[in-house]
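Presented below are the structures under discussion, each in the form of structure tokens.
One chain, subunit A, links the two complexes that follow: it is found with subunit B in the first and with subunit C in the second.
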Partner chain A sequence: MKAGHKIAVMSSALLVLAVGFLYPGKNVSAASEGKITGTIKLDGTAPRQRPIDMSKEPSCAKIHESNPVHMENVVAGANGALQNVVVYVSEGLTGNEASAVSSETPTWDQKGCQYIPHVMALNPNQHFKVTNSDQTSHNIHPMPKQGGPNHEWNKSQPTGAPPFDIFWTNEEIAVPVKCNIHPWMHGYMAVVKGPNAVSDASGSFTINLPPGSYTVTAWQEELGTQTQKVTVGAGKPATADFTFKAK
Partner chain B sequence: MRTNRLKGSLSLGAAVILTLLSASWGQNTPGQQEKWMGTESHIGNLTGHASAAKTDYRRYCTGCHGDLGDGQGENAPWLDPKPRDFTIAQFKCRSTPTGTLPTDEDLYNTIARGLDNSNMPPWNTFTKQQRADLVAYVKHFSAKWQSEKSGTPIQVPPQPEVTADRIQAGQALFKRLECWKCHGVEGRGNGPSADTLTDDLNRPIKPFNFHDGTRFKCGTSNADLYKIFMTGLDGTPMPSFADNVKPEEAWDLVLYLRTLQPMNTKEKQIAKQLGLKPIDPNAPAPAAAPQQ
Partner chain C sequence: MAKLVAVTIVVIAIISAIPILRHTWWMAEDISTHGAPIDEQMSETMAEAGISFLASQILLAYFIWRFSGSRPGEKIKHLPGGAKAMVWAAILLVGTEVMALGIFGTKAWATIYFTPPAADAMPIQVQAGQFAFYFRYPGPDGKFGPTHPDLINEGTQNFFGLDQDHDPDSKDDIVTAEMAIPINHEIHLLMHAKDVGHSFFVPELRVQQDFVPGLDLSLHFTATKIGRYEIVCTQLCGLGHYNMKAYLSVKSQSDFDDWLKKQAAQQ
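Entry: the complex of A and B
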């Protein structure tokens, strides 16, 4: 009887402790102090990006008359700063990062017969808007991995048509998107869990995260993926720079 | 006794491995498909059972679609278009929105009708029950049918009367929606984007030439034509127009498309009386676009 009493006391004490541990955890995540910043670079000569001939679509060709556009498979700027690289947490998410995940509804625009942005990072079930700013019809045709959990779809969006709202249900890195009418139009939607970022023209990115240990992965459409382990402390941003070797 | 126990633990191990396998996504294994042999189909009052279609499938379908339903049958290398890969659960002929599973009835109709311009013949020698069983068999190949429901079929309102106004409005839509970019200004499948089109397997694919045939891939009726452009043909460049075409307008487009075809229809006679000319993509759109 006495022993049973002891066990009951101990287990309730443990329970109180456990609850006590859980609650501060939540408070920390709400504050979401930490962040990872970094720069992504290309080591070597950037492959030549072929110019795009839009003469078949005069309304778009006209927009780029003075500034011809190029393919965007590898976009490298000054000092090899690599743009359009998706950075996300591949290991170490605890589920407490909700406050650090963007709650925005990003826009996937078709402008000048190009996808703006060329690469977009989303969470599963995060809604995004598809808009057509052009004087021509487009068909938006994302092609997820065949046999995977996401469904391929293909919608026409004529000029002047209202934006539509849509989302992906499952993680996938990354869903290629194309327009069959304008075959040069090409982009990617990376569906990843948790906080994420896409590197900008200077190759830099920032991910807000609660303190903890994480594995961070950088994905580039032609050059593949790279990972590294990062420990995020409170208050001070952790750094994670990535270098991709040119093929 | 001992061997029995060993057998027991072995089969337990096998069960654990099977469960683990089925937990990982997108991996269709023969064992898993066997597990889904209980799949049913429901077409009207008919209930199809996958298990009942085993013999028919192996006799009539395996040659092209393969034992595993992956479209890799022994005839597949010589066929174009390629036989459907059922493990992906993506189908062209649907009454359901783009990006959703078709209804059982859609699959049933495809088996009965066959697919024009392909090696898939109409299987109208089968009984209705056999076809319903085959629908269930087709479904048992993909995990998608285990975790998802068919999409909600789009509503096709009753066809309105054929009038000159409707045919002209349909032609205006053909221009505004830029159907001609692929199908050509006369609907001959020779639009400016036609040469670069590819399907999901990255194989060249041709837009439909309306002057070529009386039948479409997904049926012959006006309602079939309505469904084709409203839901799109998933896996091909043909998108869904449902977001931006009202049901009324969709009928206008159907009636106009009928004027392009070789058979003598009421639509064609009206077009003749009107002296309807092919669209000119460079001409500016009329100030007040005909809104129905």
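Entry: the complex of A and C
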């Protein structure tokens, strides 16, 4: 083989290899090859979630007149199904998976003087929309850790004001959010790298991700964090159930 | 032209006095036992200030009407003794007036603020914080548990920073967002601010008192009419000041007892 041909063949082989290495990371559909599903439960009795008195804000109090809202710090349903638990991959993500930003734009709504959802999980740099569906003004005041990489902000959103788009730049679990005008309004934004989920009313969650070995962490605002190691095979969902002990 | 000015001044003065005389924008109905001297003081102040205002405007108009313009060869007249005597007379008149109002006003104020509450007055604590009021009732033991500012957590609705697991006096404390009181029962309101200066104002109760950070202040009053009244903050306290309010419900004793029981069950 001539020297020129040799170089051409070797360069082509290197190129094929390089594309081969990079391709799975960039391919979004590769993430759906495997998944982790699970259920989150509470062991013990959930602390009493006090009803919230919204008499200060008559427009919101009226909405909940017949069905008063309660605190949402520990929301446990039938059989201890634990809602609003953030589940994310704390170890095992490749560089590309960790830096991937979800293209979804979730909404953080203020409705009936409550945050809907109460807990939201986001990737760093993932945009989200803040809306005000109420007949009153709110201010959205997230309070990331002082001295941390994320910066505190505080925006007013009067009734009828257009939604605004915003994002967090750095990982942080989790940023508490409050409304100064309505002190009972409270929620969390968990900024995590990679695929994530928030458990639903039945305590279930699903995270799509490529086959591999991972450490999965579940975070609950009052009950702390739990981790477990999970191996995900191709086309075969892995299970990771978590049980939090009631305080 | 000068005569037109004089007439305009008199017309403006009279038009301004009409809504005050007719009580068009008068204070809300008084529902307190201590409000009468305050209202009386207010009426006296308005009457005296109103008479002085009308008299000065009419005098001004008269001088403009009478002495405006110039006639050829006319000598300018001066008051005997010059302006000095006028200034002294004005100072004396206004000074006496202000002093008299001050003395009577202080007396009215002192009868409310410098008298202690009755022994059976019901203690209620109010905490003002950006941008809401929260109230605490001591519960059946009659004692308020200590507050721990580091335990204040709005997310868990621990607005006062109570440690109900460790402080026995806090266990039965009742925290509410609305203030309910029984009619014709004296209330001893214990006030403190969580952050900056605020104010507790219920126009119908004739009560307006500032919260001063770091100071425990108190007030006492008795409400005489069942109803729901607004409690508003009247010290500019930040961006949400305009919405810093709560409601005061004056209830019959039995309605109040039921309400308190219901609140206790929700703690």
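What we mean here is this: the second predicted complex is superposed on the first by the 208 of 247 C-alpha atoms of A that agree within 3 Å, B and C clash if a C-alpha of one lies under 4 Å from a C-alpha of the other, contacts with A are read in each partner's own complex, and residues count from 1 in each chain.
The working rule: contacts are C-beta pairs under 8 Å (C-beta built on N, C-alpha and C of every residue); 3 or more make two chains touch, one makes a residue touch a chain.
Just so we're clear, the structure is a prediction, and the values are computed from it rather than from any experiment.
Novice: Based on the shared subunit A superposition, would you classify subunit B and subunit C as clashing or fitting together?
Specialist: These partners clash in the superposed model.
Novice: With the two complexes superposed on chain A, say which partner A:Arg50 touches: subunit B (first), subunit C (second), both, or neither.
Specialist: A:Arg50: touches subunit C, not subunit B.
Novice: Looking at the overlay, what does A:Met71 touch: subunit B (first), subunit C (second), both, or neither?
Specialist: Only subunit C is touched by A:Met71; subunit B is not.
Novice: Per the contact definition in the header, classify A:Gly147: touching subunit B only (first), subunit C only (second), both, or neither.
Specialist: Only subunit B; A:Gly147 stays clear of subunit C.
Novice: Is A:Ser156 in contact with subunit B, with subunit C, with both, or with neither (first, second, both, neither)?
Specialist: both
Novice: Between subunit B (first) and subunit C (second), which, if any, makes contact with A:Glu91: first, second, both or neither?
Specialist: In the superposition, A:Glu91 contacts neither subunit B nor subunit C.
Novice: Taking the superposition as given, does A:Pro176 touch the first partner, subunit B, the second, subunit C, both, or neither?
Specialist: Touch partner of A:Pro176: subunit C, not subunit B.
Novice: One more residue to check, A:His186. First (subunit B), second (subunit C), both or neither?
Specialist: Only subunit C is touched by A:His186; subunit B is not.
Novice: Using the touch definition from the top, say if A:Asp241 reaches subunit B (first), subunit C (second), both or neither.
Specialist: The answer is neither, since A:Asp241 touches no partner chain.
Novice: Jot down the residues of subunit A that show up as touching in both complexes, subunit B in one and subunit C in the other.
Specialist: Shared contact residues on subunit A: 56, 136-137, 139, 156, 180-183.
Novice: Spell out the residues on subunit C that touch subunit A in their complex, using ranges where they run on.
Specialist: Checking each residue of subunit C against subunit A gives 129-133, 154-157, 159, 176-178, 238-240, 243, 245-247, 266-267.
Novice: In the complex formed with subunit C, which residues of subunit A make contact?
Specialist: On the subunit A side, the touching residues are 50-57, 71, 73, 136-137, 139, 156, 176, 178, 180-184, 186, 221.
Novice: How about subunit B: which of its residues touch subunit A in the complex?
Specialist: Touch residues, subunit B against subunit A: 25-26, 28, 85, 87-88, 90, 98-100, 142, 176-178, 181-182, 192-193, 196-198, 200, 232, 234-241, 243-244.
Novice: Would you mind writing out the residues of subunit A in touch with subunit B in their complex?
Specialist: 56, 136-137, 139-141, 143, 145-149, 151-158, 161, 164, 170, 180-183
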